[in-house]
């Protein structure tokens, strides 16, 4: 199994098989779960973009929610004004967000940890207000993002939620496959080198600034895609869909996944999707007062974030790997 | 009243910087620790002042364990460490740097008296009291660093390469002050030096370190005359 | 002309409050090299405590110091029982650089949502302790009111007090030494860990004051999910960066510059561009003067 995954063709086949499995699954589960599946796919893409940034280039962004908004608005505008087909709208989201990321990344490359964190935080707070300034962005209500009915050849009982799920999981699988490849490429190695030791990397002839800008830009492109996916599932793009808390939630997801490694991404995404439901269940059992209901998800997410940083700072996947290495060295002795 | 170090081993990760070092310094003695670059001299001092944790061995100062205490606690036992490379704080004035050394002493009343004493020892500092340490020359900074250590009223002074980057004349001056202080205040001094000859000249005993182990330790006089030491460290 | 004067006065007042928040961030940054993203949450908590004090004691003037003490106490607890543990557990390893950022964000979320649960959506508000009706000068009503004058003078008093502590007292010397050169400070006998906690406590008090002054200066309403405190955090951060992140004087200068700049954008360009303008000034400063307007050397000393 592992060997197969280490070849290009193997990985492509693996992701195709996974996609087929998901497609079959979508026929057997109820609508709500299908919808959650679409959200899950969106979170996987968004969290991967953050992991790429933090885990492979050592930068941290508190403003990926804002970059998602950029992608979402790009997709919606392309749809409304040019009536582009859906897949082109998503591509537009990626390109525009990646471009914004490149601009921001140029500044970001010169900033170290806390500076970048603060700057992206300022972006997350500042960006939504632009929607109110420019008429084309639709103000508080935002814009409609309607990706249309599923194609008729999929059958009459193919619901739009299923269609969302389909699009979402395809985008997600393509993203993961592509990420696996790029992280194994020269770029991936460069990023790891820069994260490991910026000075040493520079001495080896790597342009650390360029490499960081590229990482920021690629990460933003993926975030833009996630933004468009989010907009798709809620059919609108508005400032309130991309609040500051979204950026924090994503970061939590990334930390839960193990912010330095990609394979854990599904753990983070599932947790983010599950948290509101768990919170709901708990608050219904408990007080069922409004203040508990609205605040419990936030409380759970923050508590998880803190617990993970304190006790499994490298994430569950890395932790398991370390356990295994330890166990192995024990048996050897 | 002695410093007793025995079987001391210190690691930097996988590198053993000090292995099995033993020596003793009596009260009022000035011990010079000499050795090539990377011999482990700085590591030794950092261990004695609590900045670096040990792997094994013991070190006692007047019966107090040095190896399981923090630097700020050791200062209170009368140990002052002047770390490698002019350990002054450039953003503070000369006077503030000096006062820093006396901050911990609860009866602050004597601090001004100590200040006067230190300024008398290093008159150049007196002229520059309110100047930022950033603007001092290398020699003045070294005086300031030693002065700051003296402000803590130490009984054991650990000096790491006070001659680093200084002109020969200034080195002679600083070494003379160190000798005078030792005698006048009854200080015990461990002086780490590259500049082996100058150090041995003012020292009572000498300890030669190589690759983390003590090669020879003897009275300074004997060491100067020891042909092997002369060949390896004194250059003639 | 009056419009211009009003804009300047408004800018200075709001800038002064940003300065307080910036001071809080700088104090923590200098003592532990952490940007405390939970600072706004801590300020929020202290402001709620201040609000409760006002309810019981009916005096803003007693509530203000009480909330500052509460803020200081809470910050000291956070440093002792949270940050120290965090540093020990993530000292090395791949995420050592980002762990404090993540941890303080988590703390922010925790404070906000627990506060939300406790106080719910009961509406709290802090009424201005003095009138907020503008002074009248030769028939024109200025935007500058007794409240704004009070805010400004409180901020100036606090800043002077802090400066005195830093420049004239032994504690101040220990605080500065631990910030600039912790190792040398330890060798000189300063208990750097304890001093850091005191740095956090001072920051907690400054943040509490910022919250207590900002709330009546805005519309008075206090809510756990208020945007106001997010803005306070972001603007405080920008002000601190403008001032070079190392210096208290820089933080004050940064706050005033930012306050004035935003006031002019608000009155003469557009209200909804204020946030993004703040972001732009941050980017510009970081690209052109990454060490802050004062420059690193001068900045570190002050």
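By letter and in written order, the chains are A, B and C; residue numbering begins at 1 in each of them.
Throughout what follows, a residue touches a chain if its C-beta (ideal position, glycine included) is under 8 Å from a C-beta of that chain, and two chains touch if they have at least 3 such contacts.
Chain labels with UniProt names: A, B, C = Unannotated protein.
Since we're looking at a predicted model, the values are computed, not measured.
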item	value
Chain at the geometric heart of the assembly (C-alpha centres)	C
B-C compared against A-C, more contacting pairs	A-C
Inter-chain centre distance, chain A (Unannotated protein) versus chain B (Unannotated protein) - centres from mean C-alpha coordinates, in Å	55
Geometric centre distance via CA averages, chain C (Unannotated protein)-chain B (Unannotated protein), whole Å	43
Between chain A (Unannotated protein) and chain C (Unannotated protein), centroid-to-centroid distance (C-alpha), Å	32
Complex contact set, residues of chain B (Unannotated protein) against chain C (Unannotated protein)	49, 51, 70-72, 75-76, 80-83, 87-92, 96, 99-101, 103-105, 108, 132, 134, 148-149, 151-152
Parts of chain A (Unannotated protein) lying in touch with chain C (Unannotated protein), wherever the complex brings them together	54-55, 58, 60, 62, 107, 110-111, 113-115, 117-119, 121-123, 125-130, 132-133, 195, 244, 248, 251-252, 255, 259-260, 289-292, 294-296, 298-299, 301-303, 305-306, 309-311, 313-314
List of chain C (Unannotated protein) residues in touch with chain A (Unannotated protein) within their complex	29, 34-35, 37, 85-86, 89-90, 93-95, 97-103, 105-110, 112-114, 116-121, 224, 230-231, 233-234, 237-238, 241, 270, 272-279, 282-283, 286-287, 290
Of all residues in chain C (Unannotated protein), those that touch chain B (Unannotated protein) in their complex	170, 173-174, 176-177, 180-181, 183-192, 297, 300-301
